[in-house]
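Here you go, one structure.
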Amino acid sequence: MENLISSIVEENRKYVSEGKVATYIPELGKTDPNLLGIAMIDNDYKIYTYGDYQRKFTIQSMSKPLTLILALLDNGEKVFEKVGMEPTGDPFNSIVKLETVKPSKPLNPLINAGAIATISMIKETAKYTRVERIINFFKKITHNDALEINEEVYLSEKKTGNRNRSIAYFLKDLKIIDGDVEDVLDTYFRVCSINVSCVDLARIGLLLSNDGVDLKTKKRVIPKRYTKIAKSLMVTCGMYDESGAFAIECGVPAKSGVSGGILATAPSEYGIGVFSPTLNKSGNSVAGMRVLKELSNKLDLSIF
Amino acid sequence: MENLISSIVEENRKYVSEGKVATYIPELGKTDPNLLGIAMIDNDYKIYTYGDYQRKFTIQSMSKPLTLILALLDNGEKVFEKVGMEPTGDPFNSIVKLETVKPSKPLNPLINAGAIATISMIKETAKYTRVERIINFFKKITHNDALEINEEVYLSEKKTGNRNRSIAYFLKDLKIIDGDVEDVLDTYFRVCSINVSCVDLARIGLLLSNDGVDLKTKKRVIPKRYTKIAKSLMVTCGMYDESGAFAIECGVPAKSGVSGGILATAPSEYGIGVFSPTLNKSGNSVAGMRVLKELSNKLDLSIF
Amino acid sequence: MENLISSIVEENRKYVSEGKVATYIPELGKTDPNLLGIAMIDNDYKIYTYGDYQRKFTIQSMSKPLTLILALLDNGEKVFEKVGMEPTGDPFNSIVKLETVKPSKPLNPLINAGAIATISMIKETAKYTRVERIINFFKKITHNDALEINEEVYLSEKKTGNRNRSIAYFLKDLKIIDGDVEDVLDTYFRVCSINVSCVDLARIGLLLSNDGVDLKTKKRVIPKRYTKIAKSLMVTCGMYDESGAFAIECGVPAKSGVSGGILATAPSEYGIGVFSPTLNKSGNSVAGMRVLKELSNKLDLSIF
Amino acid sequence: MENLISSIVEENRKYVSEGKVATYIPELGKTDPNLLGIAMIDNDYKIYTYGDYQRKFTIQSMSKPLTLILALLDNGEKVFEKVGMEPTGDPFNSIVKLETVKPSKPLNPLINAGAIATISMIKETAKYTRVERIINFFKKITHNDALEINEEVYLSEKKTGNRNRSIAYFLKDLKIIDGDVEDVLDTYFRVCSINVSCVDLARIGLLLSNDGVDLKTKKRVIPKRYTKIAKSLMVTCGMYDESGAFAIECGVPAKSGVSGGILATAPSEYGIGVFSPTLNKSGNSVAGMRVLKELSNKLDLSIF
């Protein structure tokens, strides 16, 4: 397996130069474009790694399936009264359908509008703020107590996040967000800015691949149904406007982020995290997708 | 003329009950629905009034042609680099075309997006804030030094104006708004909340009908071209999604507001202000439009 | 006046090279790009001409206000049950709002969808087909019995008119078109292909400028109200997505066609036809618009 | 297994009354609303049936994954130069994105625009027309030589199919359809009108579930990759605007049709056909979906 992983990574390293590091969050633009790493965990909790797998990058949209799960744990499926389950043919930061489709709600929790709505439903407690609860949840499912927010990226997102701010106020106007908009946005920007590594992603992927049972502790952390919800949404909407093509080519539930990471989960088999910061026009890591496709083909991971 | 005006008002008073007072700004919902008033000034500066013409109401969208003119006075026609001149078939508070049409800018200065963009271009001086400059300009063109903001309506708009907030942050993301978004919005909400009467509107209308020369002082206040810009936009976009029908039925440049006022200007003839707070589905005063249509027919005011 | 017209034309002749002859109807692409002509008639029925004013070109969209008037003569204002009166911010051949706005009808009679719907309402008689009735009406209002269809252009439009065909079948699906779709389309393509000259356009413009009274025969041909409908629509929607800018710059009701002609009508003053086949991106004749703007400024023709 | 199937069908029979038989194709409206049937085939080619499984109904949109496969067999993956692979948040018969998204092509082969485009790419031979080739392909993969077109439904669709006609002419204008539009549409209407039973659907589903190897003949009929393309598209786009929810609830690649049938394929396990003509607002069979969901839960068929 180690040989397989290393040879796949090396064969696809050339694709690093086909994409560009995201710059719309200025702080992200500073990343070294040549990074490429992978971590993969099997059902024996054996971990395989290669390349820049220890490198930290911000979780960005890869947080979206997880904040959805936490919102489901908090509220049950009435979450879906305020956000849909359906894929969209529009861009991830689109606002159009909130105006044109009635009744209006974000089409799914993996686009920005849906993720912002979902985060607004996560509860605060006497002891923990919403952000703290989310980070604690991420720590629990990654077994990584060292997770923390990348302050530079957070401040950069907060400063330049006017499109997300526009979306959030639209959601407020639609009464989809109940609480204070700036507070919800602050949570959203902070959560997107949590630093993770490929290993963290692989652990999350393994948890999902095992329907919510943590193979390290042998304990159920998430109800099976919520993991199925997350995985099916990752297939239909996880890779922006390449989700359909990625389902065909790779066939593994996955969620990408503009930092260049991809969280993938091969049901009953592996949790996988890959990272390479150069993105194609759709916002997906070029080399990361290539590595996942070849891994899927070699190990016959497609669910289809 | 007094007889004509009073008979037209009385004949159309019944239409007051066909509309509803706007409630989306909660404070507006408290207005007495039975009010109906008119003021009209001719080229001899003779004023004709009837009904509740002294009643105060907030200027709302009727401010939009005026803030456009002030932005033109401040910046010249490079205003139109950031906002278009074309009518739109979309609702006044629509955000869709900002996303779908490239390059993106508000289609015209009389929809909310365009008015917010326009206000952001009005300059502040060492002595006066943007709001103060706008109010001073309104005082000058109405000859009414007593103009002031209705604080209750302002606070109500500010509190509930999330759709406008969404539009403004979208404009910020598009780099159409340069300055601080909340500051621009605060100006927008304050300006919309300036109390006026039918007489104030009629004076503004007369100024426009005389191509920018103030008949009281015999001085030019606005360049002719800017008044033509304002009047042609009032015809193509002044009455929300009834602008086309109103051009046919009445044929006089006009701008309505959700408070129930209508500012009208019959070129070379009259300035007119009408007020009746009950609106139709398009957001225009039902009785106000009826009065203007009949006045236009009786006095042959249509420009077509 | 002759001097004025000739000097304006010569000064603006240079703009001929700033546009391109339309090629989406292949037959139109064969036109000599250097043509430029004008005809203008005053209330004494005196005609002023210059340049290529005798040149024939197809009437194209300039037919739309006229087929609207004939549909109004046939059906009265229930025409507006099936087509609106409002300007649109969408392209002339757009189909989007037919799907997204409910209840669905074309926004106005001067966009393709609206014109096709309008033509479908023109009646056939025992003696005359719909096309014949339209041509007879055009002959009557131009005093030109020699009007005829340009067969090459007609066949070219019919062959390549799939976008219009798409629109027409959508209208059929919405039950806005009652009759046979291909028959309505055939009429539409034939009517667009009627050859006219600047003189024909000027005569039509004069009729509209005099509210429907023919100054040659002193007889009323069209009810005043229908001419006001046509003129106000020409202002709000006559120049494609430059209608707003043209209202500001020129201020005269006008309708352009992709052949390069513009039909203009200065209320109570002049009927005007200009022709120059090179178009800007919006589909309007570059030199034609320049000539009309300068004429309006020099003769103070703006209605605003 | 027989007991399981019959008990699931009987428990969900009550949902038959929650939907309505489709009437937009008038001929479909004549179907008995109380029908409910299922057929299921396992890898031993053993068939399980219950209820009205022999009843014939038209294949409608269930043909779309199959015509895609035939187009792929004819052209290879350059099919995807003219039609995308991505889910859409718009209705199945939407035309909007063809106008608003550039470059324009149908988002996927399972919406009407995409299916019409796909069918236009299926080749004709000296011996067989396009329709004949499609029917022959359907006969081959169903092992049912008796398949034939329901003439009443075909004529009904052809007569009322103006929305599809509008879509097809738009595709022609975009040069996505090369050939004669009416011929392509005729093929489309005929193919949608092929009569099938639950048994036919189950056989197709089994072929897809086995990656294109026919378990009856042990021969490969379709390349594995094309079956993966079909199955992944069925998950992301197979159940109209309930595809996302169905992926969560049932998790089995499926394609519904307005006749009330659903073609389902549980990878490596079963081919399934269900039929019940009463549909919900999304156009999916209410009882049919319920039966599939329960079957998936009981037999743990979800791919997620």
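All chains are identified by letter, namely A, B, C and D, in their written order; residue positions are counted from 1 within each chain.
As a working rule, contacts are C-beta pairs under 8 Å (C-beta built on N, C-alpha and C of every residue); 3 or more make two chains touch, one makes a residue touch a chain.
Treat the numbers as computed from the prediction; the structure is a model and nothing was measured.
Student: Quick one: point me to the chain whose Cα centre is farthest from that of subunit C.
Tutor: Comparing chain centres, A lies farthest from subunit C.
Student: Looking only at C-beta pairs that count as contacts, which pair of chains has more of them, A-B or B-C?
Tutor: Here the pair linked by more C-beta pairs in contact is B-C.
Student: Where the CA atoms of subunit A average out and where those of subunit B average out, how many Å apart are those spots?
Tutor: Subunit A and subunit B have C-alpha centres separated by 47 Å.
Student: Starting from the mean Cα coordinates of subunit B and subunit C, work out the distance between those two points in Å.
Tutor: 32
Student: By residue number and range, which residues of subunit A touch two or more other chains?
Tutor: 100
Student: Make each chain a node and each touching pair an edge, then name the shape: line, ring, star, complete, other.
Tutor: Graph shape here is a ring: one loop, exactly two partners per chain.
Student: Looking at the complex, which residues from subunit D come into contact with subunit C?
Tutor: On the subunit D side, the touching residues are 94-96, 99-100, 162-163, 165-170, 172-173, 181.
Student: Where on subunit B does subunit C make contact in their complex?
Tutor: 84-90, 97, 101, 107-108, 227-229, 231-233, 235-237, 241-245, 247-248, 251, 253, 267, 302-304
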